[in-house]
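Quick notes on the structure that follows.
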Amino acid sequence: MGKRNSLKIVNDPIYGFITIPGRLIFKLIEHPYFQRLRRVSQMGMSYIVYPGAHHTRFHHALGAMFLMNKAVEVLIFKGIKISEEEKEALLIAILLHDIGHGPFSHAMEHSIVENITHEEISLLFMEALNKEFNGSLTLAIAIFKNEYHRNFLHQLISGQLDMDRLDYLRRDSFYTGVSEGSVNSERLIAMLNVVDDSLVVEEKGIYSVEKFIVARRLMYWQVYLHKTGIVAEQLLMRVLKRAKELTQNGVSLKASTDLDYFLNTSVEITDFNDEVLRKFSKLDDYDIIGAMKSWQYHDDFVLRELSLMLLNRDLLKVKLKKKKISEVKISAEKEKVMHQHNLSAHEASYFVFTGSISNQAYRMDKDTINLVTKTGKVIDVAKASDQLNLEALSNEVVKYYLCYPKKN
Amino acid sequence: MGKRNSLKIVNDPIYGFITIPGRLIFKLIEHPYFQRLRRVSQMGMSYIVYPGAHHTRFHHALGAMFLMNKAVEVLIFKGIKISEEEKEALLIAILLHDIGHGPFSHAMEHSIVENITHEEISLLFMEALNKEFNGSLTLAIAIFKNEYHRNFLHQLISGQLDMDRLDYLRRDSFYTGVSEGSVNSERLIAMLNVVDDSLVVEEKGIYSVEKFIVARRLMYWQVYLHKTGIVAEQLLMRVLKRAKELTQNGVSLKASTDLDYFLNTSVEITDFNDEVLRKFSKLDDYDIIGAMKSWQYHDDFVLRELSLMLLNRDLLKVKLKKKKISEVKISAEKEKVMHQHNLSAHEASYFVFTGSISNQAYRMDKDTINLVTKTGKVIDVAKASDQLNLEALSNEVVKYYLCYPKKN
Amino acid sequence: MGKRNSLKIVNDPIYGFITIPGRLIFKLIEHPYFQRLRRVSQMGMSYIVYPGAHHTRFHHALGAMFLMNKAVEVLIFKGIKISEEEKEALLIAILLHDIGHGPFSHAMEHSIVENITHEEISLLFMEALNKEFNGSLTLAIAIFKNEYHRNFLHQLISGQLDMDRLDYLRRDSFYTGVSEGSVNSERLIAMLNVVDDSLVVEEKGIYSVEKFIVARRLMYWQVYLHKTGIVAEQLLMRVLKRAKELTQNGVSLKASTDLDYFLNTSVEITDFNDEVLRKFSKLDDYDIIGAMKSWQYHDDFVLRELSLMLLNRDLLKVKLKKKKISEVKISAEKEKVMHQHNLSAHEASYFVFTGSISNQAYRMDKDTINLVTKTGKVIDVAKASDQLNLEALSNEVVKYYLCYPKKN
Amino acid sequence: MGKRNSLKIVNDPIYGFITIPGRLIFKLIEHPYFQRLRRVSQMGMSYIVYPGAHHTRFHHALGAMFLMNKAVEVLIFKGIKISEEEKEALLIAILLHDIGHGPFSHAMEHSIVENITHEEISLLFMEALNKEFNGSLTLAIAIFKNEYHRNFLHQLISGQLDMDRLDYLRRDSFYTGVSEGSVNSERLIAMLNVVDDSLVVEEKGIYSVEKFIVARRLMYWQVYLHKTGIVAEQLLMRVLKRAKELTQNGVSLKASTDLDYFLNTSVEITDFNDEVLRKFSKLDDYDIIGAMKSWQYHDDFVLRELSLMLLNRDLLKVKLKKKKISEVKISAEKEKVMHQHNLSAHEASYFVFTGSISNQAYRMDKDTINLVTKTGKVIDVAKASDQLNLEALSNEVVKYYLCYPKKN
């Protein structure tokens, strides 16, 4: 009998199976740092609009690794040299690219910790794991930081057509059921090639690239920037901000041990020592929602009401406008809330606020998608497209929202 | 312009869209009692084996309602009379059939509350909602309790081919990616009919019924009774049991306000007054995992270790046997644990335990699946099948598991 | 037992089931005129590029009828009045809209018959069937001809978002496996409405409409206008043209009885009496390929070689250019062929020829897709789109091809 | 730029893409012998019941080759040694395993040629190609004939779980839309292993194997042996038999050049010289249907009526019984036909006939499916299954049909 290779297989509704390619990667997946991602929702609060959207960072990371494996196979098939070490480093880098995400993915970056991106925290995790695994992540880290001499390897991790994007667009489309947003990841990968150390798409793939850009645009406006999802995410950030504010004013709040630490402490990137990283590695969606389960009974009106809104999905009203919301309009809404609930202006600002969302379907200034013709000429897809005006798509679209209570 | 009917549409990756059919049902879905189901996992801890399995009771309930709507359409098309009132009652009854599920679906029934099934609690919720909605759920409740004179309506809610089962098998197969377990719900529904007030399947559907039974059997052994899932569920029940034990011995534990109540109080069915129901309606998966986030630091060895095992997916070892595990074997394993960690026999029993799992693919004693021939004759599918030995499938299969720590 | 409604169900890999809604429609489907469509390929010779593309006009017509049924349900749900008679007429009109297609769909229009579109022949079939079914198709015909007073009913049959298009784009994408071309027909239908007797799409559907236009564009360039498919279709037309030419010059050719008639006779629209229609109703793909099976042995070089090329998929070479092919280039290639095979210039033109293909992704001059805002305002989607430059997409793109033998 | 490997990619709606792995295989696919399979329907006349079932032997052969490639990868991953030569031979053998199929797959074997199976003809084709390609198919032929010393390689071509079966069950289920019949080919392949030179399935795959057997059984009874499909196939065989009978009695019939040869000549396996093989290689579905297009006007009542029945899908009535049809019943029906249409008994037997269909879901006598336990023990799946009575499934089920005209 062929020895049952000890490597494992994971079920995936999208790709069928994902094979875990090697012992080191298996150990990284088993590590508590990575297991935590099982409890971090990939799409934050979007499940409030799309009830199927409960997939996790854990599953997405495995999916991106699966696609990376495909991409490496395709490129090798086309004669691009990629060594075994480079391949493993690519798989590790894509597996861990999101490991620094806090609870609900993005909400945390702007509330619990301060001025830190999840990429920075991902890097801290990778370095900690590199220590633990005796330097075996060194090449992965170099590629992740774009310090390795082969540029296209980094582009597979982070670029217009990276494996992260090719998995999350497909996966988010799948779980939300917004099938128009689906991207044919395998076909795009099949058309990748490398010219002058840069990723390119074979010319005949132009319509697939166009469709990729349009599908992505659709996902942004219909899903990621759906106004109800926006309100929910804003409320989530505000409930955490209020909790921190109260805690730092000496008010006692129930919270899990580690969430308690972050509510009591201001943490910036320079504070992120091993101890803080370890605490951060314990946080996930359950700490946040778990705390709100107690906060819904708290004496503080703001904390209580925000928690209830999220738990009962009884959110603020939201209006989307093409122009900035006037100060007059905002003040008027705030006044109503202050008066009705006897709140300060500061407290009312938790219930009446404005902001903007924006999306740029395609960027022409940097990191363009390039096509390669049969004769080897490289051209920006926006210039190659005979008709679909990709230049028009490179304009940023901005919309402004106003949130305020339903029943004033 | 045709007036935009105020009714809503929900995206579903499986059926495409689910239309909310009417204002009363829309209000029931918006109710906090029902919204809670967004935070109750349909498959408990199964995501530990199948990382896609994060779908919720909320989504399943909507899916079952979608199928019920199809079934009613099919039966009316075939000339069965179903009034508008009966139809709405069916939709409500299937929507709410699982509303009594506690956190992680089944684990709760055997730990937090005592000797209460989720069906009983579902009924309590329905009755509370009936009060709130001025009696509009009365017919739904009668059908749910099988007190309405038309038997087949109850069978659509609860029976061998009820809409609950047709949705959850399909949905669980979809989200786990175990595609062999998939059931063609729409085809089975298309072949339903009613004879003598009982649901039957048209004869030509015999192969679909056979395949339904085999797919369901596969889902049981491969998914629901997967040994790793079993360990996780057992650990979850034990962590709650330990928490309750400690609390009732006066040890202080962090927990959300409502979980705290259930840890401090013995609740049986007779204790379930409005107040208790309201508290129960606040509990979901997040209270449990949220509490474990603090318990992982608790002084109590048992509580701490069990919490860590679940959070880090570093579970007990499990063996499946066809025979009962011998007392000798169990005692030996317990001894090792007691000795190694200096535990009492009672404490060790949290880490070494045995139990059984069983499945009966088809029951011949009651509630059989009946076929109807073209001439109107009704026969049990187990008798009609020319070859697939369904009688054999009606034997119960029992397996015994032994759980114990990995590294003794 | 609910009487088994005598109406039938047809399996469809795309929609699951298609129910035949009523006895008249069932009879129309059973009619030999309609059964013939089982032997007319939906995508002509495209299977030469996409081996899955063997679906038929028969299946497409059923699919379009299925979608029409959905569309009528949606519009009625939104309060648009559509009577039972209008509904049946819509279903019939869409079912029969393509019944006039000749063998290989489009190739026939330009070779066997002369200056006749398949729509004209479809109408002749409908009128013949109307006679046979005692006038029950009168309303369907009026809607088909746009002579009925309710304009939007005709738009469902023939317009930018008609059920024909919504089915064929989806179906062709499905069977070719070009999944990027897939159109979410059900979602587009769910967003239809009627304002001032015209079909409109609800405003929030804007991204779906954009994606529909881009997917359609992709299907054109990647599938329908694939250069290998173009050569095959051109060869098919030429083999028929040659056969007709030879026949009319008195050369004897094997052919089925009815193909024989059309090879011997010039048929224009005015010649299409009942007898001719009956003969036409006997023609399908099998007459053409069947004849080529004998023509591959014919003495005539042109007829023989063209037949062999198609049968063995050993086609002409094809080049696509953005500019017209120069006469010089064409002449040079012709000369080579004349010389090599000792052919006349006329004969050589069967092997060396040029032509153009073109596609306009969106038309702004007529029959635009209109959106309706929540306040009831109607706007052209090309004006509403904030960013995707649909005006650019309304330019026609033309490409020129040159076909010539491989081995000169 | 990585050199675009000259190898081609084919779109497949089921697997996404099929890569053509190497130049020799590419040339085999381009060969007219193989291209012919584009015009041989995989499921014969089944499209008369399932309108989606128009896929071809060509597509199936490519699909089976795709799966073979997967299987080889899996086995190599598990440590089974398979050389590059063996791999190519496996791919060629599976690609060509069905190349000997005549028009409509099975109908031909029993009418046009006599006492020849399609496997015998496949072998003749392979040998002819081996000559043409200078012996490069020698190893493929040895494996196909089971003359190579490694038995499991042959089992991948022909056995209970061969790639032929794993593709056709999946493909036929896909195109018919009978989704219950779908087989998870990739999962079964992922669980293959080799013990003592024989293919085995890993023990945990037991439920998948069970489900495979049940799905296959369902496909047989619901699709392959669907009574309407049976009538159509029987009529097809009979129309050919009649054509041959008439031809050999000197009656002149229109037919393509090569069909003409086979109508005029009795061909047994010993007659199959190069010339006959070449003629056979020209026959496909189009010759048959193409001829019927003329035969529908023939003077012979039998030939004409059978042709019309098939072309207009106006078939005989069919009854399925568990017991043999009595001679009395058959005679009575024949009498009616003889009397009504003034036919001889022989002629009437074309319209009234009986026969049997049978299926054995699992065979225990030979070529069983074996499981291998973790400890390396090999057991027949029928013995391993704890509950699903596979022994019962090994009984052959026989049904008897009677066909006779609708309107007597």
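We call the chains A, B, C and D, going by the order they appear; numbering starts again at 1 in every chain.
We adopt the following convention: contacts are C-beta pairs under 8 Å (C-beta built on N, C-alpha and C of every residue); 3 or more make two chains touch, one makes a residue touch a chain.
Worth saying up front: this structure is predicted, and the values here are computed from it rather than measured.
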Using just the Cα atoms, superpose chain A onto chain C and tell me the rotation angle to the nearest 5°.
180
Where the centre means the average of the CA atoms, what chain is farthest from chain A?
D
Counting only Cα atoms for the centres, state how far chain B is from chain D in Å.
44
Intercentroid distance (Cα basis), chain B paired with chain A, Å
31
In whole angstrom, what separates the CA-based centres of chain B and chain C?
49
Return the residues of chain C touching two or more other chains; collapse runs of consecutive numbers into ranges.
16, 187
Residues on chain C engaged by chain B in the complex (per definition of touch):
1-5, 9, 16-17, 75, 77-80, 186-187, 190, 193-195, 200, 202, 372, 374, 376
Taking the touch rule as given, give the residues of chain B at its contact with chain D in the complex, in rising order.
179-180, 182, 184, 187, 207-208, 210-211, 214-215, 217-218, 221-222, 361, 386-389, 392-393, 395, 397
Complex contact set, residues of chain D against chain C
10-14, 16, 30, 32, 35, 38-39, 47-48, 50-52, 54-56, 58-59, 62, 174-178, 254, 256-259, 282, 285-287, 289-291, 293-294, 296-297, 311-314
